[in-house]
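First subunit A sits with subunit B, and in the next complex the same chain sits with subunit C.
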Partner chain A sequence: MELLAYAAFFLTIALTYAIMCLGLNVQWGQTGLFNVGVAGFVGLGAYVSAALTTPDAAERIGGFGLPIAVGWIAAMAAGGVLALAVGLLTLRMRSDYLAITTFGIAVALQLVFQNAEVLTGGAFGMAFIPRPFAGLQGQSFAFNMVNLALTAAVVAGVYLLLEHLLRSPWGRALRAVREDEIAAQALGKNPVLLRIQAFALGGAIMALAGAVQAHFIGFIAPGNYLPMMTFQVWAMLIVGGSGNNRGAVLGAVLVWAIWALSGAAISEIFPAAQQARAASLQIVIIGVMLCIILLWRPQGILPEVRSVSRHLGIRNKDS
Partner chain B sequence: MSTSSQPPILTADSLTKSFGGFRAVNDISLTLGAREILGVIGPNGAGKSTLFNLLAGAIPLDAGRIGLDGVDLSHARPEARIRAGLGRTFQIPRPFARMTVLENVMASAQGQRGERLLPALIAPRRVAEQERANAVRAREILDFVALSHLEDQPASVLSGGQRKLLELARVLMAEPRVILLDEPAAGVNPALLDMIIDRIIAINQLGIAVLLIEHNMEMIARLCPRVIVMAAGKALAEGAPSEVTKRADVIDVYLEGMPA
Partner chain C sequence: MNPQALIDGLVAGSTIGLGAIGLTLTYSILRFANFTHGDFLAWGAYLTLTVAGVLGGLAAGLGAPVYPFSFGWGLPLAMLGGVCLTIVLALGLDRVLFGRLRARGADTIIIVMASFGASMALRSLLEFIFTAKPVYFTKALQIANPLGFGMRATPDQLLVIGLTLLLVVALHLIVTFSATGRAMRAVAENPSLAGVYGIDVARVVRVTWIIGAGMACIAGVMAGLLVQIRPYMGFDLLLPLFAAAILGGIGSIPGAMIGGLVIGLAEAFAVQIVGAEWRAAVAFVILVLVLMLRPQGIFGRKGA
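Here is the complex of A and B:
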């Protein structure tokens, strides 16, 4: 029972990463947009949702005690608007500007989380974020299971939405722009518009992931949203299979498993005094895994599936 | 000023383009008849590619005017030109490599409802209807360029000549009234060249005007009743291919690469 409760807890966290990974897959996997500020969008979603749903707190502004669903929707809106603004500013320029800008914005946002105490609680972060099914909190097994079910439902919802969109003509146009922007333009596609749409959609999904994670854990702190998180999400997508939504989910669970297991192993093996330093080995392990995947299977475990259109069904040609 | 006997569909007036101090295209005007195949020839460096890129909207004009059936496209973006009916191919083909051949062609249909985010999300039935119609047409076009057997393959597996045919298929899918062809014979083996020439004639018979920039004189002779010879950014001569190639000034620029 204990073990099952832990497994459910582990899987729930992994699935929150799967949502981030799905968001990145829209941006990078389908559209080729190099977002190195994933943590900023995730953190924004977490803080926005927390500020709206926590009970009134004396030491900071916010704490409106709104329902969790309102927080999630607002988080998505905030992530989408931030991505839209970044997209409008940078997506007309060369692609490397997007990388620099997103990295800068994520670092800036993290500093805001850390220092804007009246809004974010500063370095201590925000606690008492309402948890879904809080009434069950006494029974850890039941509580973890219903939260796992809820998070899995969110993942499924995002997955189905993206599959629907990416296999539509819109998704096809995105891929055309990714493959060859000049040719796509000559065939009537508007690359800037398509990229801004994909970037905003991905940003909204990442922010939703941040909100879901924040409500499951119940508290957030600025240290959660360091560039390390961006690295993890990228590793997940590359391992799972960039361009493939199922690959994104699989990669998230797999990389999170390796991350969590290696963390547990390190705390077993190394003496307490060495553990802070040994924790870096987790990053090394993920890095080595990334290298192996890139050498052995650069398209990821589940490569991109070529599909013409979901409206045409699957055809079998006997040739 | 060159003219054809037909009502014009594409008109270019006094196009000029400089790069730094170099006038690559210097005051060129042309008209393309609604059902014509017009060739543009000239030695390397004559400005043919620049002229092509100006017409296609790949580079901005310094001066001049481009009109398609009365609509001013002088400063229109490439995506607006194809929507207006002015299509192009690329000299070095630019397939969407990781998409299937059929997907490549379907992607180029114009006016797709499902390409807009909201209809793609909330009106699946209407999108599906249009998708099925587009698939039928895309397969007809693939049949027309003899690529049907490869429709499920990623475009990356196509040979050089097949990529040229895919270029044709994609631009046809956009239902243009004028197609600009950038050296369709370059790098194509002789057997496939016959096929490409044949397809261009067939396209023209569908009522699509063609402007062809080409080095291959055999192709020009077989396709174009009328050619414009460019040299040093200007139109040097114009007429039937068999006549202009006999002119002394044309022979001179081909021999010397510079006008007399």
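Here is the complex of A and C:
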């Protein structure tokens, strides 16, 4: 029972990463946009939702005690608007300007989380974020199970939405822009507009992931949203297979499992004094793994499925 | 406002500018935003520290401070070793990672991503080897001498500004007038055409890494000498480096230097006006302003 409850907890966290991966997949996998500020978008969603849903607190603004669903929707809106602004600013220019700007966004948001104490609680973060099904908190097994079900439902919802969009004319236009911008332009598609839309959608999904994760854990602090997180999400998507939504989910669970297991192994093997040091080895391993996959199997475990249109007879076959 | 911000800004800006030179060169010649560049600074500082330790073991007299500076002859000697080792690191990384991706004709953005992964791995490796605890080149304390107008600077700080100026002028002259410099500009313009014209593109790539990594190491040593050496020192400088390179105009060495000085000064004044905790946001604000108002940078050409 104990073990099952832990497994459910582990899987729930992994699935929140899966939502981030799905968001990144819209930006990178479908559109080829390199976002180095994933942690910033995730953190923004978490903080926006937390500010709206926590009970009133004396030391900071916010704490409206609104329902969790309102927090989630507001988080998505905030993430979408931020991504829209970044997209408008950079998507007309060279592709790596976006990378640099999103990197800057994450750094700047991290500073806001740290320093804007009246809004974010500063370095101590925010506690008492309402957890879904809080009434069950006494029974850890039931509580973890319903939360797992809820998170899985969110993943499934995002997945189905994205799969639907992927096969829609919009999704095809998106991939056309990624593959051959000039040809797509010649067919009357507006590449900049399509990219901005995809970037905003991805940003909204990442912010949703942040909100879901924050409500499940019940506590957030600036330290949760370091560049490390961006890096993990990237590793998940690349390992799983960019362009493939199922790959994104698989990669999230797989890399999170590697991460959690190697973390557990380190705390077993190394003495307490050396653990912080050994933990940096985990990052080295994931970084090297990312580079190796980029070199040897850039398509990841589940490669992108070539889908043209359901109106052409060859749906879902490798062409 | 305290005029001391002017000196602080010039000193910090020297480090940023020197670091941004390598970034702007790899950006224009190899055509990708190299996220590992910040870690070259940190590795340069740690490698120099290691060499200094070895030298100090061989000849103890090298560590004795040379008046008026806080360090002995060991440090410049060690820096030469550190520069060589950082160059080896950059060339090695190009051999195993970036060069292979280039040879395969990978998209720019894949190379950027690989550099992002490599940067995480390099930084964490530093943390593993040397731990996160800050270290110092020297424990000697220095008195800041008055310069007039209420400004003060230590001899080390003045040396850093002077050395940076010297290096930038020398580099600029080399790149402008030497055959290698012309080849570099040709490759930046159009690599395949330059190759057809008989320019050894592989050699230009090597020279680019050598200059970039060398400057990064020197910048890292300067930052380490004036502040402290930490595994994250390069990563924390990465955004200012990018902002400086883009502000100056991609590919321009004087541009990178001026961009670095502007960012250093803006940071120093921002610390006085809004407080030190927002220092890291300054580079971001400048970056956004440049992208909005003049995306090609000060010395860049339109359409780049």
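Going forward, the second predicted complex is superposed on the first by the 303 of 319 C-alpha atoms of A that agree within 3 Å, B and C clash if a C-alpha of one lies under 4 Å from a C-alpha of the other, contacts with A are read in each partner's own complex, and residues count from 1 in each chain.
Please note the rule applied: a residue touches a chain if its C-beta (ideal position, glycine included) is under 8 Å from a C-beta of that chain, and two chains touch if they have at least 3 such contacts.
Keep in mind the model is a prediction, meaning the values are calculated, not measured.
Touch criterion not met for A:131: it reaches neither subunit B nor subunit C. When both complexes are overlaid on chain A, the residue A:195 reaches neither subunit B nor subunit C.
In the superposed pair of complexes, A:277 makes contact with subunit C only, with no contact to subunit B.
Once chain A of one complex is fitted onto chain A of the other, the partner contacts of A:286 are limited to subunit C, with no touch recorded for subunit B. Once the two complexes are laid over each other on the shared chain, residue contacts for A:168 go to subunit B alone; subunit C is not touched. Once chain A of one complex is fitted onto chain A of the other, the partner contacts of A:304 are limited to subunit B, with no touch recorded for subunit C. Contacts of A:100 after superposition on the shared chain: subunit C is touched, whereas subunit B is not. Judged by the touch definition given at the top, the superposed model places A:182 against subunit B, while subunit C stays out of reach. Chain contact summary for the complex, subunit A toward subunit B: residues 161, 164-165, 168-173, 175-176, 179-180, 182-190, 197, 201, 304, 306-309, 311-312, 315, 317, 319. Within the complex formed with subunit C, the residues of subunit A that make contact are 32, 34, 36, 89-90, 93-97, 99-101, 103-105, 107-108, 111, 114-115, 227-228, 231, 234-235, 238, 276-278, 280-284, 286-288, 290-291, 294-295, 298. Residues 27, 32-33, 35, 97, 100-101, 106-110, 112-114, 116-125, 127-128, 131-132, 235, 238-239, 242-243, 246, 277-278, 280-281, 283-284, 287-288, 291-292, 295, 304 of subunit C touch subunit A in their complex.
The part of subunit B that touches subunit A in the complex is made up of residues 56, 58, 77-79, 82-83, 87-88, 90, 94-100, 102-103, 106-108, 110, 112-117, 120-121, 124, 127-128, 131-132, 135, 149, 152, 154, 170-171, 174.
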